[in-house]
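Common to both upcoming complexes is chain A, partnered first by chain B, then by chain C.
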Partner chain A sequence: MIAKERLGAMLSDLMRRYRLIAPVQHAGELRFSEVASPEEVVLDYRNTAKAPKATFFPQTECMMRFEQQLDRFNELRGVPLDTTPTLLFGVRPCDARSFLLLDKIFLGQQYLDPYYQARRENTLVVSLACDHPRQTCFCHAFESGPYDRTGTDILLRDGGDVYLVEAVSERGAELLAGLALPLADGAHRVKAAEIEAQALARLGEVEPVKGIEAMLALLFDSPIWAEVSEKCLACGTCTYVCPECHCFNIEDRLLAHGGERVRGWDSCMYPTFTQHASGHNPRPDQGARWRQRTMHKFEYLPRNAALYGCVGCGRCILSCPVRLDIRHVLRRVRTAYAEKSAAKVTA
Partner chain B sequence: MSDTQLCTCVHAANPYLPMNMVIQRVVDETDDRTIKSFDLAFVHPEDGGEYSSRGEYSSPRFSYVPGQFCELSIFGQGEAPFGIASSPTEKGFVRFTVKKAGVVTSKLHSLKPGDNIGLRGPLGNHFPLEFMRGKNIVVIGGGFAFTTLRSLIVYLLESGERDQFGKITVIYGARTPGLLMYQQDLAAWEARDDIEMVQTIDVAVPGWTRRVGFVPNVTEQVAPTAVNSVAIICGPPIMIRFTLPVMTKLGFQKEQIYTSLENRMKCGIGKCGRCNVGNKYVCLDGPVFSMAELAELPPEY
Partner chain C sequence: MSALPKAVQETIAGWLSSGAIEVFIGYERGSVPLRATPVFVRRPEDVTRLIWDASCENNLVAFLSKLRGKKVGLMVKGCDSRAVVGLLQEGQVIRENLRLVGVNCPGVVDPKKVAAKLAVNVDDLEDAHLNGAQTLLMGGQCMAIGEVIYDLCRDCVHHNPALSDLQMGEAIADPAADPYEHVREIESLSTEERWARFEREVQHCNLCYACRNACPLCYCNTCFADRTMPRWFSQTAQPEDVQFFQTIRTFHLSGRCVGCGACTRACPQGVNLRSLLDKLRLDVLELYNYEAGSDPNARPPLTTYREDDYNGFVI
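Then we have the complex of A and B:
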């Protein structure tokens, strides 16, 4: 364990070896950012406005550069990959769990994403158990919870005036061994258990997500998609704050004497996301796009990667300007499935 | 569904980094000049070699199978996916036939031999050659969608394995004679006796002595046998929609009919989340799908 008042000193020490990324206040918003000094770190918080996925998958990044010679473009050059040893500190368990899916997308399958890989391999994750879930939190719908250890290297738990520090992975254990922290005593363990119980008690009722993929498989033609998406503005905010959303665009930018190819976050909520140059659009309306968002996260990803594309962090619910609630969408999926099943029986 | 060793020949360590190509030849394929073929050569000969996504080199050089596609880069404008129109039996160049439609293709159409563009590939799966062996092949194409079908036909005729396939029937239709692509190839194939060529146009014009009629109707007239046959159909959605019932009437099962899908793409390697049909990515699990596979997917294309 480590006394909370000594955390700053420990972080200072670690910052000699690692770039520290932690929650900081920035222009009125709490976000994960590189820290210049440990005083900036905020740990007394619910959750950040945006997920920490930008640590491995930045909102924009240059993938390569090309040079212009006379009036022709030549030679693409790769850019140096980011291999700075990094400590991603203070993420919530829902966010730590989100990295599992991103790893499958960017590192698994047939091709390896070198930009993601460089950052991911050189980052140690230290998560902070969530002692105050919000009304919009539904991590427990995924057989998870505010003290889940999935996806992290080290878990910190609030023990009153200390944090209990627990190694979860081998890399976490290595780092911990080097810190020579005192073992947690009985009193603090009891306190930590109390705090955990209080956190769990705050979680509201929610239906488990498991099994929803089978329901969705039958609802492609359902009228519910037009219904649930009616108030959606297609602003895309949900996809930007989401820890699991990973769709991206690739664009070329012309600069003096050449240019660069840039990857940036994109959103399936935008009308032109799937529009062909011919003008044909397989998803021509917001209902079709909401169907894709829901199916991708709750049917296609479970089938392809055995993981949902949602961790229940609730950021989309909080950030949506029209308060479109994905929990309500899932509820509507269940009732539509029940209606369809009943119709089959009576028909 | 890949049966041959798929070449994952993209850049050794970085599957987003194109190889530098030089344009050798540009040819108008249609009389309205909206469709051009570009023959490309590798600027760095060693790029023609094959690297797996994990960086291991292996031969043969830049090896692809008919049905695959590449992402072509116009530096400064962007990238777009194009089916490979050449056959791997054609050495020294890789051909792409491109219709002028948007930003990337418009810029590409303005380029000349000697200009550089980038190439990533080969990507995607391919026509099911193993499944096709020992069977009659029916190739049905409409308009601009004939590009990878050319790759397939040249391969079937030139790979030295012609005797491993049965009768080859090609039905190719376009609106007008001037919109039929690959005129030299079509003429050469017509002259051969190991392939039956059926060309058709929508409406009769003076000087046209071959068939007249939409591809679905002509297919019904030609009535290729479904017994021990595989059909590969590529064309505009409306052509496919009306050709499929004809194939069913002729006795073709869904497992015997293949097509190639298209979708807006960016990464081409299954990461950017854009080109999926249901839980399948057109760039990774496709673009070639059987009708049986498509029947399992939502009709979102």
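Then we have the complex of A and C:
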């Protein structure tokens, strides 16, 4: 364990070896950012406005540059990969868990993403158990919870005036061994358990997500999609704040004598997301796009990657300008499935 | 309680049953404190879901362009009704196809102001709730709604809807104030200072287009931002892309923006879009003596030609 008042000193020490990315207050918003000094770090918080996925998958990323040559082919230049040893500090368990899916997408396929890989391999994740889930949190719908250790290297738990520090992965254990922290005593363990119990008690009722993929498989042609998406403004804010959303676009930006190839975040909520060069759009309305969003997260990904595309952090609900609640969408899926099943039985 | 008065519920239910409208767009309680959520009511019995209070911030007129040709009812605040006037001026809606419940609105709550007062982040306002028409409560603390309404609402001079078929609430006296006060000082800035100011204002924009999508007057079938041939700017939100989008969108609203503030409230990054739009509205007022959203029969200045039009910009 480590006394909270000594955390700053420990972080200062670690900052000699690692770039530190942690929650910082920035103009009324809490976000993950590189810190210059441990005093900036905020740990007494619920969750950040945006997910920490930008640590491995930045919103805008230059993939390569090309320079115009007058007498031969344009010259392609790679960009240096970011291999700075990094400590991603203070993420919530839902966010730590989210990295598993991103790893499957960017590292687990036929083509390895070197940009993501460089950052991911050189980053150690230290998560902070969540002592105050919000009304919009539903991590427990995924057989997870505010103290989940999935996806992290080290887990911190609030123990009153200390944090209990627990190695979860081998890399975490290595780092911890080097810190020579005192073992947690009985009193603090009891306190930590109390705080954990209080956190769990705050979680509201939610239907488990398991099994929803089977329901969705039968609802492709259901009229519910037009219904649930009616108030959606297609702004894409949900996609930007989501820890799991990972779709991107690649564009060439032409500059004076050459240019650069840039990857940037995209959103399936945008009308042009699936617009073909011919002008045809296979997802012509917001209903089709919401069906895609829901199915991608709750049917396709479970079937293809054995992981849901949602961790229940609730950021989309809080940031949506019309407060569209994905839990309500899932509820509608369930009632539509029940109606459809009932109809089959009586037919 | 925020439920609509019985008489209003019955009128809306009547419109639905008689086929005068096929859908009524209003507000209902949502999952997030201090923020109502839009609701599309199609069955008369569902009118009991409708609410009206200081959490009803969305401009529902933005949904009209998705329902072209349909008979639609909706709730409009003072600002929202001016957007309806704008759409009528541009021939985008037919008055006979609309049923408007006009609400005399004293202002809607800005959760960021509430959060600032309570020294918490805006996403952590869990226990906050409205307590009648005057106050809101959070964790034992009480504050007057009037102190935490949006700046736009605080400066509003059109509290009562210009158009409606049914009025709700007490008429509110409009203050004799200057709604452009917050942008007048831009006049005194040099070109370089104005550019620096503009750069600063839009630097946090990430091109999510919530502003455009929430705007009732942004209804083009294909927005310039979505065109790929030609591709006017990159999607990757570099400063030049953001500046391009914000400039063009603002100018496309010249003489059309009614100052409802839906763009500013929808922005997830807190960009002060109102300052850009209101400066342009002030310019249009001064150059063409015109304010959008007042008279359905007026023609917007950029669609008309007069011999005495201002042409001081012609070189």
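For the reader, a short list of remarks on this structure follows.
One rule holds for everything that comes next: the second predicted complex is superposed on the first by the 343 of 347 C-alpha atoms of A that agree within 3 Å, B and C clash if a C-alpha of one lies under 4 Å from a C-alpha of the other, contacts with A are read in each partner's own complex, and residues count from 1 in each chain.
By our rule, contacts are C-beta pairs under 8 Å (C-beta built on N, C-alpha and C of every residue); 3 or more make two chains touch, one makes a residue touch a chain.
Because the structure is predicted, anything quoted here is derived from the model rather than measured.
The superposed arrangement places chain B and chain C next to each other on chain A without a clash.
In the superposition on chain A, A:Gln275 contacts both chain B and chain C.
When both complexes are overlaid on chain A, the residue A:Leu181 reaches neither chain B nor chain C. In the superposition on chain A, no contact is made by A:Val206 with either chain B or chain C.
Rounded to the nearest 10, the angle at the Cα centre of chain A between chain B and chain C in the chain-A superposition is 90°.
When the two complexes are overlaid on their common chain A, residue A:Leu324 makes contact with chain C while staying clear of chain B. In the superposition on chain A, A:Glu230 makes contact with chain C only, not with chain B. After overlaying the two complexes on the shared chain, residue contacts for A:Asp266 are found with chain B and with chain C alike. In the superposition on chain A, A:Ala167 makes contact with neither chain B nor chain C.
Legend: residue contacts after superposition of the two complexes on their common chain; A:Arg283 is shown touching chain B, with no touch to chain C.
Contacts of A:Ala3 after superposition: neither chain B nor chain C is touched. Superposition on the common chain A brings chain B within a closest Cα-Cα distance of 6 Å of chain C.
In the superposition on the C-alpha atoms of chain A, the part of chain A touched by chain B in one complex and by chain C in the other spans residues 249, 251, 266, 275. Of all the residues in chain A, the ones that touch chain C in their complex are 27-30, 45-47, 49, 59-60, 134-136, 230-231, 233-237, 240-241, 249, 251, 253, 262, 264, 266-267, 270-272, 275, 315, 317-319, 321-325, 327-328. Those residues of chain C that touch chain A in the shared complex are 30-32, 35-40, 58, 62-63, 112, 115-116, 121-124, 126, 206, 208-210, 213-214, 226, 228, 231, 234-238, 265-266, 268, 270.
Chain A meets chain B in the complex at residues 63-64, 66, 68, 72-76, 78, 105-106, 109-114, 220, 246-252, 254, 259, 261, 263, 266, 268, 273-278, 282-283, 288, 292, 295-296, 299-300, 303-304. By the touch criterion given at the top, residues 8, 10, 13-18, 20, 53-54, 73-80, 101-102, 105, 115-116, 118, 262-264, 266-267, 269-279, 284, 298, 300-301 of chain B touch chain A in their complex.
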